[in-house]
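Each chain gets a letter, A, B, C, D and E, in the order it is written, and its residues are counted from 1.
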Amino acid sequence: MQKVTSELLVKKASELLENGTVTRVLGWKKGEFSYDLTPAVFESGEELIKDFVFSDFSGANFSKYLIKETKKADGKVLVFLKPCDSYSFNQLLTEHRFDREKVYAIGIPCEGMADVDKIKKNVGDGIIDIISDGDRIVVKTLYDGDKEIAADDVKAERCIVCKSKKCVAYDELLGDNGEVIDSERFDEVEKLEKMTDDERFAFWQNELSRCIRCNACRDVCPACTCEKCVFDNPKSGVENKAISDSFEEKMFHIIRAFHVAGRCTDCGECSRVCPQGIPLHLLNRKFIKDINEFYGEYQAGAEIGSRAPLVNYTLDDIEPVDAVKKGEADNA
Amino acid sequence: MANIEETLIPKIGVITDVRIDTPDVKTFRVVTPDGKKAFDHKPGQCAMLSIPAVGEAMFSITSSPTNTEFMEFSIKKCDCVTEWLHQAEVGQQITIRGPYGNPFPVDDEFAGKDLLFVAGGIGLAPLRSVINYCRHYRDRYGKIDIVYGSRSKADLVDYNEIITEWVTDDGIDVHLTIDNAEEGWDGHVGFVPNYVKELGFDTNKTVIICGPPIMIKFTLEGLMTLGYEKTQVYTTMELRMKCGVGKCGRCNIGDKYVCKDGPVFRCDQLEELPDEY
Amino acid sequence: MQRIGVFVCWCGSNIAGTVDVEAVSEALKSEPGVVFSTNYQYMCSQAGQDIIKNAIAEHKLTGIVVCSCSPRMHEATFRKTAAAAGLNPYMVEIANIREQCSWIHKDMATGTEKAIILGKAAVAKVNLNAPLTPGESPVTKRALVIGGGIAGIQTALDIADAGFPVDIVETKPTIGGKMAQLDKTFPTLDCAACILTPKMVDVAQHENIRIFSYSEVVEVGGFVGNFDVKIKKKARYVKEDVCTGCGICTEKCPMKKAPNEFNMGMDNRPAVYIPFAQAVPKVATIDPNYCNMLKNGKCGLCAKVCTAGAIDYTQKDEIIEEKYGAIVAATGFNPISMDKFDEYAYNQSKDVITSLEFERLTNAAGPTAGKLLRPSDGEHPHTIVFVQCVGSRCAACAEKGKEYCSKICCMYTAKHAMLTRDKYPDTDVYVFYIDVRTPGKSFDEFYRRAVEEYGVHYIKGMVGKVSPEGNKLMVQASDLLANKQLHIEADLVVLAAAIEPDKSARPLATMLTASMDTNDFFTEAHPKLRPVESPTAGVFLSGTCQGPKDIPETVSQASAAAAKVIGLLAKDKLTGNPCVAHSDELMCNGCSSCERVCPYGAITYVDKEFRMPDRTTAIRRVASVNTAVCQGCGACTVACPSGAMDLNGFKNAQIMAEVDAICK
Amino acid sequence: MQVNNGYQPKIVAFCCNWCSYAGADLAGNNRLAYPENVKIIKVPCSCRVNPMFILRAFQRGADGVILCGCHPGDCHYTSGNYYTRRRMALLFSMLNFLGIEKERTRVEWVSAAEGAKFAATMNEFCETVAALGENKRLEDLRCKR
Amino acid sequence: MRKCKTDALDAVFAEIAKSSLLYIPTDTEKGAEYKKWSDGMKMSNALNTVRSPKDFFFPQTEDLMEFKVNGKEIEVIDTRSEKEDFVVFGVRACDVKSFEILDRVFLIDPCDSYYANRREHSTIVSVACTRPVETCFCQTFGIDAAAPEGDVSCWKTDSEVYFKANTPKGEALLAKLEGITVDADDKDVTAQQEKTREIMKKLPLAELSADKFGAGKTEEFFNAPEWDELSESCLGCGTCTFVCPTCQCYDIKDYNTGHGVIRFRCWDSCMYSDFTKMAHGNPRLTQKERFRQRFMHKLVYYPSNNDGLFSCVGCGRCLAKCPISMNIVKVMKTIGKSE
């Protein structure tokens, strides 16, 4: 259950629209069911009242939309930033991807988003409605009536290991700002590190072989904002549209992770949107973990203008051979 | 299985002649390795040429169907396939499949009519096969007018053929124009649409038009002011074709597939299509 | 597609001995784009080059692959050949089938197969080459010489004589360097000062030379032909242009306890001082570490006695910004510290000294006015032991000394020994050595005179230990030839300390982006063919900053460096390296990653209006490369996630084509 | 260098122009042999090597990829090899995370004076890769047909 | 109609696998997936597979041919081969319908022999739905989840599995199962069907109608202003098209292996910005145009060319998988102006 309500946000947004601070609002729009909210642009209070929803399913991160939206028209765009969204917001500003002056950002607290697939797994199929009630969630189903489950049991993976409840960018903050959390987000990575090469290879072979190269992970990623992705560019020499050989899925995901290394804020959208359920965030987190271990703690987007680890160096950085060994030593 | 004909599997073609038409257009003569024409075609149809590892691209067959010995393709340099072709030499093999698309209705609607061909730049390429077909069966058609324009004299495709053959034919009037005056050009200067209006043709003609979209647009307007109906005007959209077999999903404009329902359209048919071309 | 010609060089038997050149040229014939392929004995010869030129004309070649020696040898040669035949020189690629193939493989089949693959890779690359035209940049016709020793002096004089302005930056208050501290020079035994000081005066008086003494370079920007340098003129508290060098201040200064660097700290100097009589500029300098006035405001005597009114206690460090076309590093050397050589008791006994200290002891302007007296008691030493290779050739003791030979010690020790015996025939002189190295003009004769005419005891062997006992130094050594242990009761022990580059060289190299070897000697662009140039364009090397040298070598190299500088400054415009980064603006995200990794600050951002694929126009921030500043490292190309940044001559596609060809 | 019944791993060596390529030349000058299956690609600086090149090499059939650059501190471009060091530390760690044998990739600093080191490094690297056998985990079967 | 006990299904599978390859949906950690049957593999009870079964006929990538290039010469190598017979068991009604939609693209002249080959060698055994979920809307397109088509239709009740052959291929398959199955009446099946149809009526999308759409409606909808807001947040990824059982856009590409050139066909998506980019330009430059194309194709263009048949089967995959939860249902409701 979120601490801020749709009503509060609608009120706030309507005010800002009315007093001319902003001309449009990026928000989550009501869907067919309770869980299929769509990012949308609202331009009036009526639209907001009719369709704006902030709930446990308002996971979509609007930061990336700002690139397009701020260029569209004059006037400011209102964007609601959950703590993790605010990191993406800063990272995009660091990379000069949109004009800060054209955005009015409201930081909002987030209690973690629910994962509808987990709900389905928990209560079975045929979900008619989902109602949040404190730390419980009531699910109305087609076949089994109402079912009640703990909100924590169906939290999205990325929210279970939430790294920060602190909004790092906003013009205005609703509610109190939270703190950076000492999360256990690297546990899964460590588990994999402890495996043998063979086991790890088998794990990833199995996961990545399901990739259908729909590019959802890339297209949703707030760090993947290239004007043209190398994998779409025939001139890049690595363009590929579909996976014709298992090599290509590895190539795509390794290079994508490498390209966002040091820039990825670990928002977890890539894994959320993967239609094939590939845990892509683990690749990004591996880079984050390595960066933290090798070069000191670094959180992309924590502050605007910070120098990403891959465009930086010190005279006594770890040698590649030791870097690889380090992972191994940790396993032992 | 392997003996079933598969339309996607191409034949080998050999480039037996390369003619430099304009600074960016070359005309390639293609036959099969045993020296024959790869397949029969009708005026306005296309063929898919490809070079392994470079790509496939659709081109209109510019030689006349009445030529039973070889095919010709006039190709403007614009992307990787065409760039590659432009550096190819005689003897180079390529692959070829086709024919694709519907031809101009030369034997039906065009029969017995006065024909007006309007072309701009490389837009002459798809019309050349039609023009030469009509020249070959000269008695089946009425008067033929050809309005052809380009940026400059050097950019006129097939200039030699036009000068040595077309203009000398009886009952064919060729009206050439270039965009800007230049030395050594004593013909008309000006854009094609204006020239068409200036020439002020009778409205009994069937018009076949091909060229840059902007030229087509203004020529059409011009023809309308002259009193033409859209039902009299044909054009081809072969540039929109991709797979050639109506399956890949690219060429449709509304519910029409250019490669199956076209590429030849009558302008009133085009009008009915959503504005996405 | 290109029309490529392949030219396989035999290099006599260097290549043809282990590579079937005929088979290579034959195999490469069927590669895509190749229209001509041949082989010849020496492609780099005039005849070989003619083959290439003719083929370019005859076959309308658009690209060239030469399978030959390393591109580091002859790439430039073949590029010139191509250019002479009207082909863009950057359409030439070299397949290195000598250093990377024929010289390391013994078997003909192996060598041939590898040569073919290397050739295919080069062909694959050339297929994607594009003609490149170097950019042009103007040349600032002024040179900077960093270091005012004999190397810097000679370089500066030569450049200045050619008519170009030169600035010398010297950290010490005077130019002159180490040579000014020497007594005599080997093998001619003329007086160092006598030959050096006239040159110093020349420098001082040369209209094209400015001396920034007591100064250091603090920042270098720009690039060849266009360096922007910041020089810090340290406050000397004496107005340089007012001081007459009369020396009254130095006489009157009550603070006379400052160690005298010029005499290796063997005596003292006042807080206000002129390093030595012939110093240039002959201007006093106040040492702020010792001056009472500067330290606690109590004194001011020098100001009172200076009739010229040159003293200025309020002087501040001053930063001078100047533009230069070329920079010469002449930062020189120092003897290494003897701290780690406890066995020679250098820190225990004043009578264990280094050779440079010995120079000062025998110099008429030195602490003993030229009399050879023991530093401890001022007595005349009767037994002197010279120890060679202290810290040099220390392969096994790299943490203490240096692996290299310091080159000058054998000769100066012979000089010291000879001069000692000459002046003080009652003195026994022992020289302990590993080898005596005398490969120079009149060097061996000189050494033999020391042994044969002057009776210096040369003993092959190392000194194991020196122990001070009373006023004597007990020297334990081994005589390798006699195979016995020696114990010598010496009065003075002189250590031929290894020399090392001046400590200022390393930070300077960083500023200059010039490379250094592991010993902090500057690296030359080519050890044989370009010995006075740094790999960094526009940076030249003079003297011992490049490696140990004696004076004649230093002077020759200094002049050579000057010649290179003159060659550069004589040009009005420089053509740059066209292999520079290039940003595809349509792909650029404007994210600044490239800007951040560029070591040269060659990338800036501009806001430009673009017509976007969706028919809209947008102002986008895109990277722009200053091709005159870019050095072509390629760091930006990898930092760029969208692949907008590429490197001419080493394009992504080219490198991948090479990879493909090699892995096939 | 014939381990495993004559199995010879394919090695791609990216060498920077200023140090390592010169080091390789020196190895040649000194006739220091290393396996012929090591093929060198010259790059201006080790920092020119894009991870995509490394993966491409494996895709196309390489069994090992080695990058050679100037020693840290000696980069002709002052900082290129420092970036290389970071990029490759992360990339190699990632490859290993995906189960690719870490011995197949390496960065080695070889100066222009280290001909002997160049040859020794290549010999040793080949031996290590040969012991692993063919690259199966980053191969593209189409390129092996 | 034939039937067998539910626990005899293993024997059915074993029997089928004797003479042809057999694929069944089976549960994995990430949901149900079609896998090649092997002894002991259990059929999933999940409503549908994560990935649609179109892969069986229109795989994500398939090699079409190879070329060898030698100097100026090219050799074309036809790499096609006769496929093995295979049976896909357990296809839901919606997915079965998708095959017909694909057939109408690939089998019309000129027939695609790659597709045809797979189709010829396949036998489809459908299975009726009993527990449709909230994302199901097959009935919108006239598909009866309780009466799936296919070479063999099959119904699973608590204790028994019923089979009905619809085609000669289906009859041949059932003939092989004669030893395992027995004749049966359709009483239980009809009962189940009725029950399922009752449930269908109660589904949240039960009222969704495609009546407003169909052949000849291009003009009506093409310029609808709603396309702007609908496509506004579309990421332009290919998820909807790749999970869709009826999306069949493809691209043909060449891959140079260094030893030859493989020409392959791969899935492509009309949602991709470069999909229609060709030498002369790109007729669908904005995401709105691409987005509109996809839905117009499914709801108007395809029916125009295929006797009113829509190219959506209401399987609901895109509803579940779109990263931003935009989907055909929302499009139909918005464009068709129904709630």
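Operating definition for what follows: a contact is a pair of C-beta atoms (placed from the backbone, for glycine too) under 8 Å apart; a residue touches a chain by one contact, two chains touch by 3 or more.
No experiment lies behind these values; they were computed from the predicted model shown.
**Q** From subunit A, count the fewest steps through touching chains until subunit B is reached.
**A** Minimum number of steps from subunit A to subunit B: 2.
**Q** Give me the step distance from subunit B to subunit E, shortest route via touching chains only.
**A** 1
**Q** Could you see whether C-E or A-E has the larger number of C-beta contact pairs?
**A** The comparison resolves to A-E.
**Q** Please list the single chain whose C-alpha centre lies closest to the global protein C-alpha centre.
**A** D
**Q** Measuring centre to centre, with centres taken as mean CA positions, what chain is farthest from subunit C?
**A** Farthest chain from subunit C, going by C-alpha centroids: E.
**Q** For subunit A and subunit C, what's the span in angstrom between their mean Cα positions?
**A** 53
**Q** Where the centres are mean C-alpha positions, what is the separation of subunit D from subunit E, in Å?
**A** 47
**Q** Round to the nearest whole Å and give the separation of the Cα centres of subunit C and subunit D.
**A** So the centroids are 30 Å from each other.
**Q** Could you state the distance in Å from the CA-based centre of subunit B to that of subunit C?
**A** About 69 Å separates the centre of subunit B from that of subunit C.
**Q** If I count partner chains per residue in subunit A, which residues reach a count of at least 2?
**A** 230, 237-238, 244, 310-312
**Q** Do you know which subunit C residues sit against two or more other chains?
**A** Within subunit C, the residues that touch at least two other chains are 597, 639, 652, 656, 660, 663-664.
**Q** On subunit D, where are the residues touching two or more other chains?
**A** Expected reply: 51-52, 56, 60-61, 73, 79, 83, 87, 140, 142-143.
**Q** Show which residues of subunit A lie in contact with subunit E when the two form their complex.
**A** 31-33, 35-41, 60, 65, 125-128, 142-143, 210, 212-216, 218-220, 232, 241-244, 269, 272-273, 275-277
**Q** Show which residues of subunit D lie in contact with subunit C when the two form their complex.
**A** 10, 12, 18-19, 21-22, 24-25, 27-29, 31-34, 36, 39-45, 47-53, 56-57, 60-62, 70-71, 73-80, 83, 87, 111-113, 119, 143
**Q** What residues on subunit C touch subunit E, complex-wise?
**A** My answer: residues 30, 613-615, 660-661, 663-664.
**Q** Going by the contact rule at the top, pick out the subunit D residues touching subunit A in the complex.
**A** Where subunit D meets subunit A, its residues are 51-52, 55-56, 58-59, 72-73, 79, 82-83, 85-102, 105-107, 137-142.
**Q** Can you tell me which positions in subunit A touch subunit D when the two form their complex?
**A** Within the complex, subunit A contacts subunit D at residues 189, 192-193, 197-205, 230, 237-238, 244-248, 250-251, 254-255, 257-258, 261, 283, 286-287, 290-291, 294-295, 309-315, 317-328.
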